[in-house]
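Listed next: structures, encoded as structure tokens.
Common to both upcoming complexes is chain A, partnered first by chain B, then by chain C.
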Partner chain A sequence: MTKSITLNHITKIEGHAKLELGIDKGKVTKCELSAVEGSRYFEGLVRGRRFNEAHEITSRICGICSCAHVIAAISAVEDAMHYTPSEQTKQLRILLTLGERIRSHATHLYFLSLPDYLGYESALAMASKYRPQLQNALNLMKLGNNIIKTIGGRDLHPVSATVGGWLKIPKKQDFESIKKQLFTIKKDAIKTCKLFFSLKYPRFESKTECFSLANNNGYAVLDGKFASENASFDKSQYLEFVKEYHEPRSTANFVVKGDHRYMVGALSRLNNNYKFLSKDAKKMLKLSKLKLPSKNPYHNNMAQAIEIVHCIDNAINICENLDLRNESVENIQLRAGHGVGAIEVPRGTLWHDYTINDSGVITNANIITPTAQNLLNIQEDIKEFIARFANKNKDKIVSNVEKLIRSYDPCFSCSAHFLEVKWV
Partner chain B sequence: MPNQKLKLGFYGITGCAGCLLSVIFNEDEILDLVQLVDLKAFPFIKEVNIDDEFDYVFMEGLVADKEDLETLQKLRKNCKYLVSLGACACTGCVPAYRQFTLKENYEHLLYKKLQNVEDLQPTPIDAHVKVDFYIPGCPPDKREIVTFIKNVVVGKMPKPYESPVCVECRKNGNQCLLDLGKPCLGPITAGGCNSVCTNGGFECWGCRGPTKDMNLELMIRILKDKGFDNKFIQDRMRTFVGLKLPMLEKAMLNLNNGKKFSVHA
Partner chain C sequence: MGLKKKILYVFGNEYLKNDSFAKKISKIIANKIKVVLCTAPEILLESNEKEIIILDVIKNIKKIIIITDISKIKTSKIISLHDFDLGFFLKLMKEMKINKKIKIIGIPCKGNAAKIAKEVEKCI
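On to the complex of A and B.
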């Protein structure tokens, strides 16, 4: 029997994507996942603009990870200008990034993923029976937003981070207030872990390699080599290792390393960096009974839950140890150069790359987002996974495929429009 | 008994999802807020979406390809009131800045596409359909969205905020960033954002659009006096709201020809 399934608008994901499946006599004959976002050409829009405008413009790539684009852009520009930010600036950038990760993971876990497992069409539809659980989610999202607002000045598209420092240093009492909120919220993070450990995840192993930043100092956020269990390279070498190509039917590009597919995100970070988790996050990892390394993409949900606990502990640590001083933004000596920023953001490793001339004008840009890197892997996983369900009815196939796609927490706004191909 | 609640839909076309997130990020109110209305569609967070008949459709994003346009036109037909949610929908925001940058800056990124995703000129939604209400900003103020919904639920028509950002900025006790030599567009930009950017030390880039009675020539003159060149001033003013400033080129020209600028009476 031949089945053809087209999901024109996959719901409960960030952005717009489409999936086309063909199944013939129990075999998968077609599997094409594509972003259907209109192109915005951000890499073209920053050309001709000043070095300190890139982060404000590229922030608009994505609402749910705008802090990520801001910090990645700033890091790349500073790298091009051979500038090293102060320790305080680095810590504030980490804190901003952690706040965003808590918010993003909580939003994904409860609003986009959980309804699938509990048999509801949406989190809102769960409200009458699962109000306390939704309250956990909203508490975590609010905490993330409060951190970003306090450190970055605004909860979406933050304003205070800039090249060379921080436009407005948070007040000490605001830092104290964040710390208190972090301590209070910890119980919601633990509850989140327990809830997501209790769900039943399909057994599946992706034939993939898990990449993330990794260093010897901790659970990497802003620094480190791009590494998996059997490879490691410096961010400056990324163009030799990460290859981009374009699928003609889609606005998204896929990225492969040495012709292998790979996976980035919370599960990859957990696989590579679990020994640097906070004490309580380690306890949660133990409770989860996850065997690492895990290459089951459904486990990304558990990894995100564990990361929320870790991010809270890491953020508390920063609030306790950072003695805020009133540093002003440094005037950086203009120089021509090329720089790369690679940082860990909610969905994985984000790359920004800029070339700047000696007047401080951007002449070239390249941006590779986590979802762009994951797309090929998601598509290949779908192909393998649904072979098991090929004889089942359409509804069963669709619900399993959607669950799989959502477990990656893809962001199709981000994944579209970044590619290097010839003008035709 | 017929359902008397207002039928609402929240949709996104090409954009960053930040405006839809701004709806959800009203953490203390969202669960109760959705009880006040009949939420028929919100594909970002709902699996079941019925798009046949709405009182209000909130639309995030700009028109960047044919599919965007088809979605927009269909929803316009199926709703009583269309609300333009956020800067992309209201002004075209950063993606529409493409209309003002050199083609050589982005043509290396173009490629042949399928018919249904063929690029269109990046444009705000009111370039294609009638818009009844605007909630501006990149992102919009999330409180403003709640206030809007609560207002229409009880039959009140929301009014736009028309004073410039400077009014709220001064009220918030900030030091004037123009005085510090920063290229702040607060004087010509509609407020209602509680001057969130300048509160954080960052100059206004104009995301909520020009005020009705702005004095554009005076703004340009001030920036030129501060040492900013023509290209910088034009690029900056066009980043978020270029399509809403069709008079910019002429204003620049007048000033460059040494014409005396006019102070608004």
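On to the complex of A and C.
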């Protein structure tokens, strides 16, 4: 029997995606995932603008990951100028991204993913029964917001981070206040781990390679090589390894390493950097009984929960050990050049790449989001995983496809881009 | 309770001409009431007041309207984090039994700002 499904709106993911599925006699004959949001043209928007405007413009790519784009853009520009920021600036940038990761992971886990596992259509439908759980989510989101607001100057599109330093250095009492909130919230992060470890995840192994930044100093955020268990390369070489290609059906580019698909995100980071987790995050990893490396995308939920604990500990560490000094923003020596910024953001590794002329004007830009890098992997996983359900009814197939896609926590708005399944 | 002791939570995208009208109105009355400009609805969790007063623009109205029954707010189901809007959040608060009285002062997206500000003041 031939089945064709077009999922025009995949629910509970960021942005809009479409899936065309064809099944004939129990075999998947077509599986094409595409981002269908309007093109964003951000790379074109920054061309012709000054080097110190890129982070303010690209921040608007996403309201969920605005801090990520700010820091990635600044890193790329500073790389082009051969400028190394102070240790204090680096730590403030890390703290800002940790706040954003806590907020994003908590929102994805509780509001987009959990209803799938508890059998509800939405978080709103489960709110009266699961009030304490959703309260945990709100507490974590509030903490993330507070960190971003305090360190970045605003809870959305932060304004303190800039090329060459930090515009408004937080006060010591700000650090004390954040630290107090972090200690209070830790119990909610532990509860989050226990809840997501108790859920039943489908067995599945993606034929993929898990990439993230990795270094010898810790759970990489801003620095490191782009590495998997088999390969490692410097960010400056990314174009030699990572190739973007266009499919006319999609407004987001697909990305491959060589000819192969790969996966980025919390699970990849955990696979590559678990040795550098905080003490309590390691305890949570042990409790999860996760066998690493794991290539089961559903385990991304558990990885995100563990990362929340790690992010809280890392943020406490920064607040306790960073001796804040009144550093001025440095006047960077203007020079023509090409720079690459690669940083770890909630959904994986984010790339910003700028070429700047000797007047400080951006002449070329390339931005690769984590979802664009995961797009091919998600599509191929659907193809393999869905074969198990090929003889089931359409509703069962669609619900399993959506659950798989959501486990990646994709953001199609940023990659250019919700599921539309079209059965063909 | 005098106006000075109340807090007005103002919503709207400051970069969109029509959506930013609530912010414009709030600036006119900011010396009479504490105004909190909200970029995300989660900020309402920080409110300690028994009644949350919200100022926001409502599409297709010509006069100020007061909404106290949040079930009247039209929300689409949450599809992505980008849909985590004020309507969804207020309904979530209700479902979670975070019992706060809600008063939404809905204003049109354009009009005589001074006149509308005076009317808003009376509604608070």
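Annotations for the structure displayed:
Here, the second predicted complex is superposed on the first by the 416 of 424 C-alpha atoms of A that agree within 3 Å, B and C clash if a C-alpha of one lies under 4 Å from a C-alpha of the other, contacts with A are read in each partner's own complex, and residues count from 1 in each chain.
Throughout what follows, a contact is a pair of C-beta atoms (placed from the backbone, for glycine too) under 8 Å apart; a residue touches a chain by one contact, two chains touch by 3 or more.
These numbers come from a predicted model, not from an experiment.
The superposed arrangement places chain B and chain C in clashing positions on chain A.
In the superposition on chain A, A:R49 makes contact with chain B only, not with chain C. By the touch criterion defined above, A:E344 lies against neither chain B nor chain C after alignment on the C-alpha atoms of chain A. Judged by the touch definition given at the top, the superposed model places A:I57 against chain B, while chain C stays out of reach.
Of the two partner chains placed by the overlay, only chain C lies in contact with A:S128; chain B stays clear of it.
By the touch criterion stated above, A:L156 is placed in contact with chain B and with chain C alike.
When the two complexes are overlaid on their common chain A, residue A:D353 makes contact with neither chain B nor chain C. With both structures placed on the common chain, the touch criterion links A:T107 to chain B and to chain C.
Looking at the shared chain after the overlay, A:R40 reaches chain B, while chain C stays out of its contact range. Of the two partners chain B and chain C, it is B that touches the larger number of chain A residues.
By the touch criterion defined above, A:L167 lies against chain B but remains apart from chain C after alignment on the C-alpha atoms of chain A. On chain A, the patch touched by chain B and the patch touched by chain C overlap at residues 9, 11-12, 14-15, 63-64, 107, 111-112, 121-124, 127, 131, 134, 138, 141-142, 145, 154-156, 413. The touching residues of chain B, counted against chain A in their complex, run 12-22, 24-25, 27-28, 30-31, 34, 39, 42-49, 62-65, 67-68, 93-95, 97-98, 101-102, 105-114, 117, 119-120, 122, 138-139, 142, 196-197, 199-202, 205, 232, 235, 239. The residues of chain A lying in touch with chain C in their complex are 9, 11-15, 63-64, 104, 107-108, 111-112, 121-124, 127-128, 131, 134-135, 138, 141-142, 145, 154-156, 411, 413, 418. Considering their complex, residues 39-40, 42-43, 45-46, 77-82, 84, 88, 91-92, 95-97 of chain C touch chain A.
Those residues of chain A that touch chain B in the shared complex are 9, 11-12, 14-16, 36-45, 47-50, 53, 56-57, 60-64, 66, 107, 111-112, 115, 121-125, 127, 131, 134, 138-139, 141-142, 145, 152-160, 162, 167-168, 246, 248-249, 251, 413, 417, 419-424.
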